[in-house]
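Before anything else, here is the set of structures, which you'll find just below.
Each of the next two complexes has chain A plus one other chain: chain B in the first, chain C in the second.
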Partner chain A sequence: MHWLAYQLLHGELPQLSSFTNFHFVVYAIPCFILLYVLMPKKLKRYYLLIASYAFCFLINGAMVIYLLVSTVSMFGFGLLLDKLQTQMKDALAVTEKEQRKAVKKKFVIKQRVVILFAILLHIGTLVVLKYTGFFVTNINRAITMSGGTNLLTVPHFLIPIGISFFSLQALSYILDVYRGITKADRNILRLALFLAFFPQVIEGPISRYNQTADQLWNSPQVNTQSFTFGVQRIIFGMIKKIVIADRLNSFVALIFNDYAMLDGGTIALGAILYTIQLYMDFSGIMDIGLGISEIVGIKLPENFERPFFSKTISEFWKRWHITLGTWFRDYIFYPVSTSTSMKKLTSSARKKLGNHYGPLIAGSIALFSVWICNGLWHGADWNFIFFGMYHFVLILLGNILVPLVRLVNKKLNINPENFFYKLMQILRTCLLVVIGELFFRANGLMNGFHMFGRIFTDFSFSSLTSDLLVRGGIDYLDFIIAGITLIGIFAVSVLNEKKISVRELQTKPVKGALVLQWSVIFILAIFLLVFGAYGVGYAEVYPMYAEF
Partner chain B sequence: MDKLLEILQDINPDIDYTTCEDLIDGHRLESLSIISLIAELEDAFDITIPAAEIIPANFNSAKAMMAMIERLQED
Partner chain C sequence: MLDEKNKNRLYKSLVVIVFMIVLIGSMLLLSFVFTPTNNYPDAGMIDWNVKAILAEPQNSIDAIFLGNSEGYYAFTPLKIWEEQGITTYNCSAKGNPVNISESYLHLAFEKQTPKVVFFETDSIYKKPLVIWQLFSSRVVETFSVMSYHNRWKDMDASEIGKEKNYTYQDDFKGFFMDKATVAADPATNMNPTDKSKHIFYRNRQYIIRMKEYCEERGAKFVLVSTPTTKNWNMKKHNGMAEFAQSAGIEYIDMNFMYDELHIDWNTDSRDGGDHLNVVGADKICSYLGQYLANTGLFTDKRTDPSYSKWNENLEKYNNAKNPS
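Up next is the complex of A and B:
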């Protein structure tokens, strides 16, 4: 704690930047766990809440204010909905059956007004903070193009870290109360803990109230097995982040910033490396967050399920950033596709177009809504909107072509379960994902198109020189270390894909299972310390998804 | 139940709905089939299926769907 004491004594506020921050790993996590273990059972929940708010404060002071406003407002909206629902039940109980629909409708409208305010407050804040600059910039562009000179001032707001994540989590709570999936929480501290729990507040996973609120409030005791698994997962996540993602960071940034001087092959390599970096960074941070939670006996929802084994883009998005995908599915896709007008459309279209293409019209409109929101959620820029539309088109095409692919496979006698057929599908999906990530990472949409075009017009690796590697802060040894680590992670993924759990395997020996597990931890920790990209020559890399 | 099985057979005839219990979790019914199914169930059983009911537990088997339909008919 001397680091904290020193900085407080010298009038400086200590600052954390991420889970992989040196201070966080060496001081904060062990202190947090030790105090959690020592804390009396009844006080653990309050300790978790205080620790979560302290973490948010050390990351970004403004975040605490947004979290407090979100918590207090959602608590109030929840109680209001609860009151309206109780009034509706009482009213329905004394109403004749024929009039029930009208009574119900009256109360549903009132509840929808409450929901509208909750959405306006949360999405409105997000829109103002994240998108005002984007809108004003585009208005200025239009003014300039039409010959005007009176440009508007582009505002630059300080966007609190994690706001895109905890806003969706808060909205899911109030929407679930409205839908009757969960009861409104009458304990503001429980709701506060659900929204602020620190292992998930920066980058998710975006939990549902029913998944984690009670678990957190009941704050289980630490047990040996969950502690061991948790520590293993934290170190595994840190290896992904520090050994691979952070090592590639400077080189990837150089390729995307200086692409104009590079050939297509190097740009393609940059897109592949960026995809690896993003996956290792995001899933690594998830492993750390889920690992910390597991230590204290909390099970957060998984956010990744080996996405690069997906055979289609649609499947990829069911396995990548799962909690965001399910959020969009439950609160946008199904409500849009099963709205009254869409249901009528589906019924009539099915009669004319059949079972496959009939529901596709309503499905496409809902899918479009999901992907425009997905693109905008990632950021306010044309390349993010393009990223969303790119995946919308790919998923739509995939759906349109299903009957044709089935027919061709039947005619050519191709078995879709054949290993090489599935391998080709996986490789195709990976290629499409990498192209999407190129546009996602590009510094603007036009730069993305230039980079993509260069892959076809100037494909060579002549600019991939030793000088470029030096400027990118990387050498051949770095590639070897990252490559070997990736192979290790890939091997674990293959086993998991075959339903062989590596962690379960370690518990098999009747005697010495714990020794085996801690030996694995020791080896992984040594590997991390020796091969981690930290210290001299490496800058700490902030979790990439926290910026969204 | 027969009416429900008829609707399901019409949407995807390749599934044995009398025994299958993982229609959603096993990815046997995709989102497009669910969209069709909801529209058809509402017409056939004179019910409204709110978005909150569109969860795997209500669509994993014909039995679960029937239970949901009966519950919504009582509302």
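Up next is the complex of A and C:
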């Protein structure tokens, strides 16, 4: 143990970069699963908790303290709310009917104060760590513009990986206790496991207490079916991430960094490739996380549902980063749109503007709140705020134009269920998404506008030379293999979209289903081994959403 | 007799076991297919400059150099040959962690019996590989398809199945000649301080193990810090000097010898003081050649006909340095 003590003292313990890390995949996941299988049923929950904290420690080092503080605070706030709710019930039981409203109000105010502190702690920490630099930079900009010279020092905080995800998860628990959706948990270890479960800690999904806490605490046994399909899903996710996303990474980075030297066609290609990269990266990591969970029998909520089959932007956001969307829906959109003042606004607007446009005003205010938060959640920069506002405007326009579109379709005798009509809708949505991602990825908002402008003012592919490909560390064979892989993923998505489960297809044969399932794993594994963009010549690409 | 439940279990276990066997077998087969059959740079061999030592005639190398990019750009064996007639080989590679250098030390000793082994110290301060990284490097060694999988793009089908034969000799003996010149800021890296930088435990262990390995084979192990204004400083020197003393290893810090070596930071670096270029490399290798000669362990082989190839290489070296 001498060497371990020495290394602890000198901070020599290894740091993990992510669970797509080659070593983690080759050793940590198999070891984790093996120990989980061997662990006695009663100890599995503690094992999951220890493994999750070990993972978080290796990812974040001492910053794992943030996770610990979040856990303790959600435990404390939950109990406090529970106590207040019990006191309220007791008080109401002994209060005269006419005084109940006043008593209830008193306790509701107390609970809201608790909620306020919880929000201040969780969101406040997030704001301080993520946005202080952004605010100070903009204050300095204003000082410079007004001729001032005394600029403030821009602080740079170390931000623990996953804080944007686990903060929302912790807050959802406290708000659910407040709303009576869930009971306050008196077991801090169960809460700790709910918050720290490692497959979800880097990039989500942002689970709700009612979805996962009990599952995790009951720690089911591993069964063959979930094990097999879990392994399949992990490899499928790794193919998305390592064969496609990581392969495109350096070329996309080159286009966004050197766009000033490039023509519009190449920039447009860069925006399309970035959108593909982001989807493959994020959904690939989700597949790996959900695959690991599935192996140990835990069902985490899905975060993607084939978003590029969406016919509108609104539908896109119901299929992309689903758990973030539902979080904003449940904890921002609904509270804002159903608040007393909004209800009043809706009822008066309905009288003047009718049943479609009347509720739209309050809905749009709530929608604005959601999208400003969504933009800011992704990062502290103007292009993220623009990204949020861009989607707000698109969704708002979609809502406003619904009656007009219906009317035009009726007048022109267009059937909205027609295949080509739907295809056009899908392509339009994809185009709008790609434009949004261009601004999202751009190095600053102004660069985003310059890039977007260039697509229209200088559209050609003359800068897409072999020299550019070499500088971007890519060649035509890379595009071919990425394209073939995308076609494979697209085929699976089409089947799923048609409600044909690839998994069910594999369980159909009466004899040899297991052999078929492991043959699929074998083919996927060999494909990944040979065509993955890893090892010599490739830098490991950190999961993209982990940085948000 | 097995009941239905146990039969089912056995069947499932068999499927997984057969899967593992087929997967491992396939990986080994693919490793055989993907590993280059020769060590030509174009064949895609990783660190081909180091592996080319296997193509050198048996027991023909007097001394070797190990390290990362600092050594890769700094140790030029042909300069030592030119001035002393001593044969050396540079087994440094860019980004090499200490443990990989250790495996290259073993590789060098496969066919050679060098009498002196120089180790460039920069990598000793780099974070050592973590335990699963070490396991992984073993796995990658076994399943070399993981290193060479990207050769699917330009593999020649006729290569498949051929015997591996490392016949390619590197003309510059592992050294990378970089003629670029980017002036460095005046060196202030060796300003005095009593502080010393901590050396990672595992890196200490690797170095001590390498020293013992060399001593067991009758070779002297020497630590060398090559001149760099960006990667070396007094704190690192102090830490290294303390470690070298405690481990009983000779240590040469060339960062105290800029005047003696005639290092000119306007002309001798390829990248503003980070690494040396060929001009700087020649200067420090003049010193190291003299050091080797002073040991009295080596004879001058410049007139030995069996080493005539070295003179041809020297001509190529000087032509490459100063093309007419």
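We take it that the second predicted complex is superposed on the first by the 535 of 548 C-alpha atoms of A that agree within 3 Å, B and C clash if a C-alpha of one lies under 4 Å from a C-alpha of the other, contacts with A are read in each partner's own complex, and residues count from 1 in each chain.
FYI, contacts are C-beta pairs under 8 Å (C-beta built on N, C-alpha and C of every residue); 3 or more make two chains touch, one makes a residue touch a chain.
Bear in mind the structure is a predicted one, so any value in this text is a computation, not a measurement.
When both complexes are superposed on chain A, chain B and chain C end up sitting side by side without clashing. By the touch criterion defined above, A:220 lies against neither chain B nor chain C after alignment on the C-alpha atoms of chain A.
When the two structures are aligned on the shared chain, A:343 is found in touch with chain B, with no touch to chain C. In the superposed pair of complexes, A:76 makes contact with neither chain B nor chain C.
Contacts of A:398 after superposition on the shared chain: neither chain B nor chain C is touched. By the touch criterion stated above, A:362 is placed in contact with chain B alone, chain C being left untouched. In the superposed model, chain B and chain C sit 170 degrees apart as seen from the Cα centre of chain A, a figure rounded to the nearest 10.
By the touch criterion defined above, A:179 lies against chain B but remains apart from chain C after alignment on the C-alpha atoms of chain A. In this overlay, which is a superposition and not a single complex, chain B and chain C have their closest Cα atoms 39 Å apart.
On chain B, the positions that touch chain A within their shared complex are 10-12, 31-36, 38-40, 42-43, 49-52, 54. Across the complex, chain A meets chain B through its residues 176, 179-181, 329-331, 333-335, 337-338, 342-344, 346-347, 350, 355-356, 358-360, 362-363, 366, 399. Chain contact summary for the complex, chain A toward chain C: residues 3, 6-7, 10, 12, 14-15, 22-24, 26-28, 224, 475, 477, 514-515, 518, 521-522, 525-526, 529-532, 534-537.
Across the complex, chain A is touched by residues 11-12, 15-16, 19, 22-23, 26-27, 30, 46, 127-128, 130-133, 135-136, 139-140, 145-150, 152-153, 198, 200-202 of chain C.
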